[in-house]
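Shared between the two complexes below is chain A, which pairs with chain B and chain C, respectively.
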Partner chain A sequence: MSEQGIAKVRRLFGPKGAAPEAAKAGAEKITPPFWVMVHKEFGDHINSWRFIILLAIVTVASIGSIYSAITALSEGFSGSYEAVPEFLFLHMFTVSNGVMPNFLTFISFLAPLIGIAIGFDAVNSERTKGTLSRVISQPVYRDDFLNAKFVAGLQLIAVVVFALGFLVMGLGLFMIGYPPTPEEFLRVLATLVITVVYVGLWLNLSIFFSIRFKQAATSALAGIALWIFFLVFYGLIVNLIGQATAPSNPNDAAAVVAHQNFLMFLSRLSPAYLFQEAATTLMLPNTRTLNPFITLEQGYLAIDAPLSFGQSLLLIWPHIVALISMTLIVFAASFVLFMRQEIRSRS
Partner chain B sequence: MSSSIRRKLSFRMLLAVLAGLIGFSAPAAAADVDLYTAYTHMAATPGQSLTYTIDIINNTGQIQTIPLEFDNGGHEGWEAELTAGGNQIRQISIRPEGERSVTLTLKVPLQVNRGDYTFRVNAGPHGSLPIRVTVVEEGTYRSELTSDQPNLQGHSDSDFSYSLKLNNRTAEKQTYALSADVPQGWDARFQSGGNNITSIEVEPNATQTITLRVTPSSNAAADTYRIPVRASNNTTSAELTLEAVITGTYAIQLTTPDERLSTSITAGGTRSLELLVKNTGSADLTDINLTSTAPANWEVTFEPKTINVIKPGQSVPVTATIKSAKEALPGDYVLSMTASAAEKSTDAVFRVTVKTSMLWGWVGVLIGLAVIGGVYWLMRKYGRR
Partner chain C sequence: MAGQPVIELRQLTKKYGDFTAVNQLTLDIYQGEIFGLLGPNGAGKTTTILMMLGLTEPTSGQALVCGIDATRNPIQVKSRVGYLPDDVGFYDDRTALDNLIYTARLNRIPLREATERALSLLERVGLAEAAEKNVGEFSRGMRQRLGLADVLIKRPEVIILDEPTLGIDPEGVRELLALIRDLSRKEGITVLLSSHHLHQVQQICDRVGLFVKGRLLACGDMNDLSRQLFGGATHTVELDLSAWSDELEQRIRSLEHVVSVERVEADALAGSSYVTARVVCSDDLASQLARMALEHGLELYGLRPTKYGLDDIYHRYFEGSEAS
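What follows is the complex of A and B.
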């Protein structure tokens, strides 16, 4: 009866109303239980060995990539000042010396791992340890548990991604002594935000698996399998489909264009491809179109000049929307799945 | 009383005796001594020196001593000199049945009227030799500045080179200061022997050739310009008015009121651009057509499409409406517009930045909102149980 009363009060006062506070009278006054959970979760992650190892891997990779970029830059543009290209600062994220991949490649490859590693045991480990039912038995909403898992993970990801991005920027600034223009800085910031969304998608996927699978190992494996699938096999599969469906007459321009557009559509179903395309477009301002072909009419009298930041952003806007939507849809799926699951005191 | 009559009488007698003497002695003198020169009537110009060779012939059997004298006949300014053997002479003696030559040098003064002048070489009792000189032109004590071709024509970007003759018709050597009064912004240079000069020295009765090189200002309007030229010093001066006929230049400029040659356009959208067609030359431009070279599938229309005439220095506004192709890529395109008159043409190259339509951006935002709404609906449905 009292719970029903609490629920009633909560509905009256909105989602994060005063009801939990009333229920938790005597505890700290202001902090709602949702944020308490978020902070706890965040702290658990920060102190875990898993996170430290992961961070070390990614940091080493980042430093390697910036070493790669700087050696490439100093080889390529040493000497004449005129040879310094436009958007030199952005080159640090996209140029590689051929030995080590560049920063964007590293990020697009390793960033999903952060998401998977943070999320793969989010729910099922709590369930196995029996802490889930104990948390739920507290006067907190059941969905807050899942939301807190997601928000804490996303916060952590944002911290890591921005830390890495600024690390690269700072190191680059230190090494080449060439400050970024405001536009370059905006482009880097936007790329980092997109990276956060992208990693957030993988976090959600792994949370989804952690709800679906009772064993943490299974969930981790499922996440890694999906990761390998999108980053390695998906491109191969698209190539395979492309070869199988190639138009019989290679001189039929319309058919070739249509076929390429079809393959491009298939590739863009992969979040990894979406992210790479979006990040590359932001980092290479000279990219004017994402179509595989530029028609002769489009190319006639066009100047090879960089786009403004807004135009680049508009070019990849569909990608951003798609990434955010995918993240939200996966979150919604985990949400529904979690809410429909039974929670027993002993699991 | 009687003395006065006597005095009158004696005067008349003297006149009668003198008349008788001349009338009697003249034929006798012709027989004694003859003066001869070949060219007794010559034409001359002011400042010229005439030389006569006068033969004096003794027809008698005795030595004749003959006084020689030049009679200028009342014409002042003529200089005459009788010389023989390099010396001036006053008197000459001739052997019996002999003859001698003397030289008369007669200098025509610089300041003299046209007409006939008669002089005599008197040989005392032996008669005289009349000499006539016709001065064919007005002689003046002055300087003359002339040009064979005082009128030249050309474009405002060409040089005008006048050939001038400065004639010093004074008796002394003169140094002239040269000046040309050209319109503002023009350049005038006097040249002699390839060097630029500001003054020149001319010997008396000599002529110097001077070149005047006039460079008009580049924006000189089509017109006939009069250029007074002076050669002067404090005693004499000469003036001449030259003419430079500028036929005008054709120049056209195509720009925008703020001279900015860049604009932006939405893919598939239109943009109006204010243009200015300027006549920067100095002659009228006629039948100006406006055309464009645009990227494929773009349309550029001009209002007005043709302009009949633009006066020098004036400009005509033109509105260009650019319609970009739907499939134009975002980024920069080159769009050149050409204004071509019958006389001259020019083009303006615009950099047109194509922007993606914001429509799909908003559609993306709507999709995102729909997804967020869906999640919210899920939370409302499943959450808070």
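What follows is the complex of A and C.
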């Protein structure tokens, strides 16, 4: 979304394209080319089969997760009302009956897929259709074209993610009849925002691939490969490194802590891990620290109470910043790649 | 040619690694003319066009369009220049009208005016009935005509057409060329047309640039071109005479415009009773030659004047370059 800002700034300071008609038209409002492109992209997405399929998958997943959560909750505290846990409403998103995964797991699993599906043919399909050279030979900035692709995709993602989040909230409210507190509501909202950022990262990655690879299939495959890599293999690799570099003396506390920190750093290079950590922290207010090592004193002396919303947010602030900066880095890469690319028709 | 140059190319060079696609190209194209960029595939025509639009950066040199540097201010150039790529693409799942309106709105034309212009242009290129059809159903010729409408919707000063007639049937080509000529003559739009179809270029272009291996070999109208390429040998006259004399040959050689005179070996088997001479000249001398032969008391059996067309120029050039 910050890219949008950049585009705006550019438009303010950049040379204005000559528009003799603009003055003549006077009263009628002229939509800047950037928004014309965004509207068109958004319309294309909404009408596409791929979007309908995605929506179906994600909807089924969320309904499944609600079912899972509700069965788990009703088994969990049947009868005794004193046992109603704190933040019951948030449990809608985090507990599972052991058969079906919960909402958070579903989302962290499917989010990259949404991003990849929306962006993988953003640029190369226009190239093979021959529309890229036609659009780029109109008086529009090249970066506007890229920004429009991203902004339209992100808008769509935001709509989908929020719709699903509210769907789960609404259904949950209906089923368990237990209203959320304002804090719980804010936590869910914040989680949805982070989800949008996370999907945005994958959208950007897949747009990058769509610029890099001329074939839509190759770019989709590259995106999916990366998704599977972070989802499955990255954790394994970090474990392997962990075992290989484990300090020889398990009694050397400093070495063990340093080693653990190192592993933590490695894990956090993965956007999937970052997202999972951030979402879990927000959804489980009892998470007081993300550091696996607390000394006995720390554990003993800490007040056993959930964190406030602000404190949870503070805990994961670095994660949000990291996710956004990853997005920016990928965006910059696509930008550099695209700006200097030669655009011939259909090649 | 009257007027200011609309397109000025100065020492324009584009290299891809070791390969030089366009080499030191200097060219002026003037207001209101139809200029044909002629050359075989891979001669660098499209690369030159891309540089004029700022779609690719020249390695060195400068391209000025309407006095604006296309590399530095491509946006301003692109708002004045309409470009029709050789294989134009449209959004297939949208209607022809939608596609045109989209282009118009990218040019900052408000929706209402865009719709009006799109409808009148569709009428003009003969696609009025197909306005609400999806472009996916269009034939090649219809797409090309829609492409022309798409180029015109921004009311450009210059239009650049890259192989506009490729893959269209002869009747379609004729209509398209008539449309292009009409635009240039009635609205003063400068047209740059790239093609390897000699006849079409010959039909509508005021001037032609012959482009081979990244170099502009010759440029100008048909006479200029042949003069530049063959030192003025634009015409050939073949004479069938009852006899041949050195005196006559001397007289012919002394004529103005004559480049060369030679006797063509008569076909022995035909057992012809006359001699054939070929006179190459830079102007049409057929009638003078006939008169001269009669003055010498010779019988004239045949007279075949030939003027070089672009085809001949083109072929003769390539024959020459292969031989050397």
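The definition used in the following text is that the second predicted complex is superposed on the first by the 314 of 347 C-alpha atoms of A that agree within 3 Å, B and C clash if a C-alpha of one lies under 4 Å from a C-alpha of the other, contacts with A are read in each partner's own complex, and residues count from 1 in each chain.
Please note the rule applied: contacts are C-beta pairs under 8 Å (C-beta built on N, C-alpha and C of every residue); 3 or more make two chains touch, one makes a residue touch a chain.
Everything numeric here is computed off the predicted structure, so don't read it as measured data.
> Between chain B (first) and chain C (second), which, if any, makes contact with A:Y141: first, second, both or neither?
Both chain B and chain C are touched by A:Y141.
> Of the two partner chains, chain B (first) and chain C (second), which one does A:T289 touch, if any: first, second, both, or neither?
First partner only.
> After superposition on the shared chain, which partner residues are touched by A:M37: those of chain B (first), chain C (second), both, or neither?
After superposition on chain A, A:M37 lies in contact with chain C alone.
> Does the superposition put A:F174 against chain B (first), chain C (second), both, or neither?
neither
> Which of the two partners, first being chain B and second being chain C, lies in contact with A:F229: first, second, both, or neither?
Neither: A:F229 stays clear of chain B and chain C.
> Between chain B (first) and chain C (second), which does A:F265 come into contact with in this model arrangement: first, second, both, or neither?
In the superposed model, A:F265 contacts neither chain B nor chain C.
> Considering only the contact definition stated at the top, list the common interface residues of chain A for chain B and chain C.
Touching chain B in the first complex and chain C in the second, residues 15, 141, 340 of chain A appear in both lists.
> Report the residues of chain A in contact with chain C in the complex, numbered from low to high.
Result: residues 15, 17-19, 21-22, 25, 28-33, 36-37, 40, 44, 47, 126, 129-141, 340, 342-346 of chain A touch chain C.
> Name, in rising order, each residue of chain C that touches chain A in their complex.
So the residues of chain C in touch with chain A come to 46, 50, 53, 55-57, 73, 75-76, 78-81, 83, 85-93, 102-103, 105-113, 150, 154, 162.
> Mind pulling up the chain B residues that touch chain A in the complex?
On the chain B side, the touching residues are 293-297, 325, 327-335, 351, 353, 355-356, 358, 360-361, 364-365, 367-368, 371-372, 374-375, 378-379, 382-385.
> Mind pulling up the chain A residues that touch chain B in the complex?
So the residues of chain A touching chain B come out as 7, 10-11, 15, 141-143, 288-289, 294-298, 300-303, 305-308, 311, 314-315, 317-318, 320-321, 324-325, 328-329, 331-332, 335-336, 339-340.
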